Every structure is written in C-alpha cells, then in structure tokens.
Amino acid sequence: MSGKIAKVEALAEQVRDGTRLALPVDYGGVPMALTRAIVARGARDLDLVCVPISGLQADMLIAAGCVRSIETSAVTLGEFGPAPAFTRAVRDGRIALKDATCPAIYAGLQAAEKGIPFMPIRGILESDILANRPDWQVIDNPFAADGNPDPIVLIPAIQPDIAVFHAPLADRDGNVWIGRRRELMTMAHAAKHSLVTVERVVDGNLFENEELAAGVIPTLYVDAVAEAVHGAWPLNLWDRYPIDEAAMRAYIACARDGTADDMRRLAAKAVPPQPYPAAAE
Amino acid sequence: MSGKIAKVEALAEQVRDGTRLALPVDYGGVPMALTRAIVARGARDLDLVCVPISGLQADMLIAAGCVRSIETSAVTLGEFGPAPAFTRAVRDGRIALKDATCPAIYAGLQAAEKGIPFMPIRGILESDILANRPDWQVIDNPFAADGNPDPIVLIPAIQPDIAVFHAPLADRDGNVWIGRRRELMTMAHAAKHSLVTVERVVDGNLFENEELAAGVIPTLYVDAVAEAVHGAWPLNLWDRYPIDEAAMRAYIACARDGTADDMRRLAAKAVPPQPYPAAAE
Amino acid sequence: MIATIAGLLEGCRHVTVGASSPVPGAGALLARRLAPADRPMIVSVLGSQAHNMFTNGGVETFDCAAEGRIDAFFLSGGQIDGQGNINLVGTGDYPANTVRWPGSFGSAFVYFMIPRVILFREEHSRRVFVDKVDFISAPGTSSAGIHRPGGPYALLTPLCLFDFDKAARRFRLRSVHPGHSVEEVADNTGFAFDRPDEVPVTPTPAADRLALIRGTVMDEIAETYPRFSADMRAALPAA
Amino acid sequence: MIATIAGLLEGCRHVTVGASSPVPGAGALLARRLAPADRPMIVSVLGSQAHNMFTNGGVETFDCAAEGRIDAFFLSGGQIDGQGNINLVGTGDYPANTVRWPGSFGSAFVYFMIPRVILFREEHSRRVFVDKVDFISAPGTSSAGIHRPGGPYALLTPLCLFDFDKAARRFRLRSVHPGHSVEEVADNTGFAFDRPDEVPVTPTPAADRLALIRGTVMDEIAETYPRFSADMRAALPAA
C-alpha cells in the first residue's frame, strides 16, 4: 500500500540536526542499528527525551558529539555500570541537562498525546528536581476543599519531533507490533513522527488477528519502518535475544577513553556478530 | 490461586445500594447477565457512570428503579431507537442527570487512574454542557504565552466504586483478556473494584502467551470473575455473537409501557435462547 | 449525496465516521477509493471492528483528533442554528426537556479539534434548522483567544449544500441539489443564510464515479452497513 | 538480610522491586512465599518479563502507586540523610556535579505515593549516610498540606535496621545485626538518630525460613537474578 518500508540509512537521514528525539528505555526495544546510522550521518544538536531513562543509546549519541541537550530521569548502563560519556559531559557542562523523574516524563508525553498544554502530577514538591526545572509549575488544586491549598505540580506537554524504537514485527502497511511495551505507543502518539526498525516485516495486515491487534501501533502514527535483524544489538530485545556483554565492554572502553571520532568509527563498523551469542547463562 | 472465580449472583450482591457504578459502551462488552442479577437483587440508588455512553444496560437499570443519578454523554438503543426508560425518567425528573461529552468522561477516569484530582481538556468552552456542570472548572492556561489567557476546562477525577463489564476470556487467577477494548482497562484502573463476567474461564495463566498478555487486565485490578456464556445477551459481544433483535423489541415494549415490577420480572426470567440466534443477515 | 460527501473529503488523510451514519460512511469509503496513491486516505468507522485501526480504546479517537491527526468528522443535530450551534440533547428547558434526545456524544470536543466537521441531516425542515437552538451541545464558533483548530465546514441536506463562513459566523448556500430550488430551501430553513446571486445545481457524479459507487463501494459499504446497502441496492434503478 | 526484608513486607498485597535490586527482590519473593493463602502477595519486578503483570507500559507502575495499589517499594541513594532525604543525582554543586550518578528514576514520585518505601544500601558509611544531602532527589517528609500518602518506612543496611519516625522526621535504630554493635553503627553514620536504651539484635531467620530461602526461594531468584543467586549459592556454607 503506502511506501513506508525503507532502509535504516534513509530513516537516519530524516533525523536532521536539532531534532527533539524520543528514546525508549534500554529493555524496551532500543533501535541501536538506527542509532549507529544517525551517528554515522554526523547528526548534531539533538535534544534527547529519554522515555523515561536511557543507557547505551543516549551515551553513544553523547560520546559521538551529536547531543545538545538531554531530558531524562536517569542514564545508566545498568549492570555494566555508569554511562561514561553522559557522566563526563554533565561534569564538563557540555550538554544542557533537564533532570526529571520517570512519571513526569510520561505525564509530559501524555499531555502532548491528548493535545493539552500540561498534565498535573502528584509528588515531586519540595525536591531539588523541581527547584531546577523552571519550565515546571505549581498551582493550588482548584478542586481542593476550602482552607487547604493542596499544591500540585504541572508538567508542560512534551512533543518530540521524532520517536525512534525497535520492535519484533511490522507489516507492509506500517502497523507495528509492540505487545505490552505501551510506552512505545505513548511516544508514537505524542511525537510528530515515528521512525521504527523491526526484526521482521511481514506481508498481510496485523489487524487481521484480533489478539495481535491489541498490541499494535497503527500505521497512522508511523512514518517509516526499516527491517534490521538484531536491530537492538548489542542490547537485548525483551527476552528474544540477550545483551552482548563483550560488545558492551568494547563500547565502554571507547566511550571512556576515546574521542568523538573514535566513537563514530566504532559506530560505523559495528555489526551484530554471526551467529548471534546465545543467552549469557 | 485466589478464590476470585464466583457466581454471577455473588457478583451482583457486591453491588450494594448507593454504589457509583461504571458501565461500558454497548458494543464494548456489556455484562447483561450480571445487570439482570443486579436488578433481580433489587439494588437501589445507583449512581451510574457511562464510559462514555450506555444503552440497554442503563435503560434497564433505570426502568427497574435501581438508579439515583446518571453521568453520561448519551443513552441510546442505537438502531433500535431511543432508550425509553431513560427518556421518560429525564422528562419526569426522576433521576439526577449529569450530561457530559465522551472525552470528558475519559478524562475524569484517567485522572482517577493517575491519582490526580483533575485532568485538563480542550474544547467544551461556551457550551451548555459546561454551563450545566458546576462540578467542572475553567482556568487560564498557566503555560500560555503572555497576553493570551487561553482558558481551558478542568474535569474532576471520576473514581467509580465498582466497574462492571463482560469479556471473552479470563484465567483462574482473575486475569481478564479484553483485546483492543482499552476503555475497559481505564475503567478497571480508575474504579476501586472491578466485577467481570466472561464467556469462558480457562486454566493456566494468560501471561504465559506474550501476544495475549498485551490485551490483558491483570488480576491486581479484578476483584471477582464469573463465567456467563452469552453474558452480553441480548446485546452482541464484539463480532463474536450478534444482537438478539427479538429480545430487544421485547425489552423496548416492557420499558415503554410496563412498570418497574414488570421490568424486574422480565430481568429475572430472561435467559439467552438455545441455540443462540445466528447473525441477523 | 454520497458523491458530494466524497467531494467534501478530498485531500483528507484520515476521516472518522460514527457507527450509525451510513451515508457519510459510504461517502468516506468512496473518497478513500478516489484518493491518489501517493496520498492514501484512512477511514475509521467508530464501533466497528473491521474498519477501525484504533488500539488504545475509545479515548484514542479524541486523542488522535487533539493531535491533529483527524482531518474530517461527521456530526448531526436534533437542531442546528444559523451560527452553526448544534443541539443533541433536547427541546424545551433543560434538564426536564419536553423532548429528550440521546445526548451530545463527543460533539463538544470534536467540533473544536477537527478542521472539517461536516454537518449532515436527512430531514431539511424548520423544526431542525432553527434560528436559535434550545441547548448548545457544541457552539458553531468561539470567542477570540479560545484554542480552536477545528469547526463546522459544511452542512449537507437532501435539498442542498451549505458552506460555513467562520468569520461571518453564518452559512452560505453553495448549491442546490437537482430537482430542488432555492425557494424550497428558504421555505424549509429557520435561519438566515447568505447566497450567491446565481446558485448552481449540485453536480451529479460522472458516470465512472456512479459505476464505482454502485460497484466496489457498494460491497465495502455492505460489510459495514449491511441494512443500509441492502436498501440502497433495492432503490437503484434496474441496471 | 533477605529474611529481614521479608519481615518488613508482612501484610503487603503488592510489592514492587526495581530490576537491579536482587537482595530486595529475594526478600520480596520470600515474603510472597510466606504470605497467608487468604491474603496472597503479588511481587512485580520492573523491567522483567516473567515477574511483571503490568500491561499498560512503564507509566502503569506509577499510576498503580497513585491508585494506592502498591504497598511497598525499595529505594536506595548515593546519599541518605537524617531527615530521610535521598540523593540519586550526585555530589558537589548541581548541575556540574563533581560526581554524577545515573539520576533520580521514579523516586520523587514513589517516595510520596507508596506507604512502605524501604531504603536499602549495601554500603554503611559516613560517605553514604550524611548529615545533609547535596541534592534532594526526593524529600524524606513534606510540609503540612502536601498530599502525601507514602514515604520512608525503614532503612536496612549490612549493619543494622532503622525505622523512620515521620513525626520526628528522624530515623530510629530498631536492631543491630548479629556480629555488629551500636557503636559501630554510630561510628559509620553521619547523621544523628534515636535509639532505645537496649538495642536488640536483629533476629536471624528460624531454621524453616532459612531452608526455604536456600531452597525454593533460591530457585525463584535464580530465574530473575541469575548472577546474584549464583554468587549467593557459592557463599552458602556447605549444607
């Protein structure tokens, strides 16, 4: 039907300099093949929005000098330790930092999804996160009983220009199956455009199977889909294939000691190993 | 595991007088068997919340004198015409009426789901719906550019005591499969308790199949499940079995001309016909 | 009528139709058939399972509209007045209306958020088209400063087609259907409206479009509106 | 330690554990095993697929907490101070911290909404337990009038167990683990805390519980925290 199926490089071209880019959480389906293509393209001044935290993806983009600012609740390589490029860039003040807390990022995205200018959220009051976010506001709850101001935080809508993520399956029309990973759907609804890589593009239409349909993001929200086998490598894709520990260690060494050029070279030549390493245990 | 599987009558007992009861839209899976049991139990002073509209279910409860108030965007029997008991009760002023518009009801439920006191929503300004809803508010958008107040409507949280609905499938632990009918999930998250009837209770756990899991409401939100084959009858259940036109006409006659006792009698003896009528065409 | 609706939908990428509106549904399905390959049109029929790609429940229709992803929607009204206000609640004084209709559905929201809201009513009478509605389910226009990317775009009846002029806050007669006259429209309309000196006749669909309606589109409609398409087939002159 | 955690979770219906916290995870799995049949306990391990029955994406954890459907959660901190404030962001002056940690995650929200937030840190030192944190990711208590159904409930370290007294806004030493002393706790804690005259020793798990931990619970943990359970098995005295 529509020509939504494209190459990974073509998707990377659409991520122009200065794009506000939404990234998924590490275990949620990270499009590392697309990320390497974005790095190889030499994208600059990206404003990252981590939904709600990131790891290897944000760190690699930062290491390769693609990032102007980052809004996140955390950046970490999990059991592989701290994210080297992120930690260094924050300390050197090289990237603008908007610290948040996970539900606040969801609230901002859901506001954009619903076309409202802000979303109220409980908690966060009297924290230094709030104190360092002049773009958030606090009002008294208009529905509070008299005599009790009941202050509540308001998060402004977050509308990414582009959301990128990796999923197991899509059909030729551009419908993408994400199962229970509904944060990917929230990102796609909130963002102006979505660029998706998948393990497999199938013929037929995902809506023909009502059980599959329950976990599908309709093509209405998807601008382009590219097939990328092991597209999350070296990260795992859910429980379908495991994280590649050797590749992670190679990344960490480069991010910690190398230059932006080193990272661009690493990104350009890194390819999933054949055969793919079995689960660690 | 837990004893969440019960009889329809036991579920009806839990709907005590004065319950704020959330009802699903007619094509969304309406628990008519449970509704008849609630009528047969002689429930009174129910405050209905239609998510976001209702038809036969609300009209039957009104006809049988169970309803004190109703919050809805519409009550209609669709191609079978207006809802007789609702229309009469509104004209006689016998039930308190909170007219709404569909997205406002979703906004109220999503506020309760998120534990926030209100949810902003666009539109609705300068309408007579808003003029007749003293419980809704309007504030100027705190994030608006200077000089432009940009008024926006705030909907207070709607937290039903009990949500009731009918679905194809549940397992013995109380996990319920609802496929794409996510408004049922929103109801279950927003309500304090959920009582669910299903076509079939299966052994095993719905989470074992990742595709099915995408459309499941976890047992965490479900208080009790009862098996009720053709539990939506005489309404259809999605496209699984059709509406029973003869039974609908019998209902309309009773609701238009009969008394509350007539309706209770109709509810008490109405049982899905065997074999079930094939699709109308 | 179906061809006129298809014309009104030209260029739309996503059209949403209520379950119980077969004529607009048929018009949308025809428009989708005519949409150019490089600009495909999606038609979502609310409440149906086949023609509906929403996967986040009923709220998604409204979120989608608020994201600016729905270009056209159909609304009707028990009463519609000269300022484009629509009344889906009832006549007499609210809430104990003398005549109570089902309710406002999503009108108070979509009337603000969707650019081309096409009003459609199969009864053209002074009872329906009144000077002032008894209850405003959704206002035709909004005061300055109110966020409103959408609103009434056209009003289609069995007699004629109106455009809605947002600045003037009035309807403007665009054309009268074959076999009907401007006077007939004026006699049956309770609100004042503008009109060009020469009011054209609504163009009838070209032969190829007519064949299309009676052929493939008819089958597609049958799948979603079985009863409606059966009646239409019966009403067709013997081919 | 795992048995102590299970004790802290008694009576909870739903406990949520972060993916990278194996000891709390093990404690929660033990508590679930011990929960009475008529009051089963659900344990959700965030980020895992097997031990996680959320189906509405990452936001559901927080919505669920806000609905009051999560009874206990585990948090830690690069720094924790005497008022229960936790710092997950870094030391020195923000934002160019001299030492930057990953970030606050969901702490600024769950610390308000979940009744029993159990603080857990495997390093008991003055570096971690400071008088005043450099950055408040989530405050230990809130001013009057702030909606806050939840907060810090206990602080567990390798040396001891503290309770948190909301009214006094201070920790209170509940017990010291076998082989450790109150003085050792005082020497390694940078904030003032209350204590009873006689500080009891943290009870060691009864033989049956110990067997349970080393048996069925160990297998369950292995499924979620493979590396952790392998290390634990190695550390066990030869049975």
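Going by the order they are written in, the chains are A, B, C and D; count residues from 1 in each one.
The definition used in the following text is that a contact is a pair of C-beta atoms (placed from the backbone, for glycine too) under 8 Å apart; a residue touches a chain by one contact, two chains touch by 3 or more.
Only a predicted model underlies this, so the values are computations on that prediction, with no experimental measurement involved.
Shared contact partners of chain B and chain C, listed by label: A. Distances between chain centres, each the mean of the C-alpha atoms, put D farthest from chain C. For chain pairs A-D and B-D, the one joined by more C-beta pairs in contact is A-D. Remark: chain A and chain D have CA centroids separated by 28 Å (rounded to whole angstrom). Centroids of chain A and chain B (each the mean of its C-alpha atoms) stand 36 Å apart.
In whole angstrom, the spacing between the mean C-alpha positions of chain A and chain C is 40. Among all residues of chain B, those that touch two or more other chains are 114-116, 121-122, 150, 152, 180, 185, 210, 213-215. Shown for chain C are the residues that touch two or more other chains, namely 49, 54-56, 62, 66, 113. Chain contact topology: the protein chains form a pattern that is neither a line, a ring, a star nor a complete graph. Checking each pair of chains for touch leaves A-B, A-C, A-D, B-C, B-D. Considering their complex, residues 107, 114-122, 137, 139, 141-144, 150, 152, 154, 156, 178-180, 210-215 of chain B touch chain A. Listed in rising order, the residues of chain C touching chain B in the complex are 19-20, 47, 49-50, 54-60, 62, 66, 88-90, 94-98, 100-113, 135-139, 142-143, 145-148, 226-227.
Partner chain B is touched in their complex by these residues of chain D: 14, 40, 42, 49, 53-56, 60, 62-69, 113.
The touching residues of chain B, counted against chain D in their complex, run 1-2, 112-116, 175, 185, 189, 207, 210, 213-221. Residues 25, 27-28, 51-53, 72-76, 78-79, 82-83, 86-87, 90-93, 97, 99-104, 106, 110, 121-130, 132, 148-152, 180-186, 238-239, 280-281 of chain B are the ones touching chain C in the complex.
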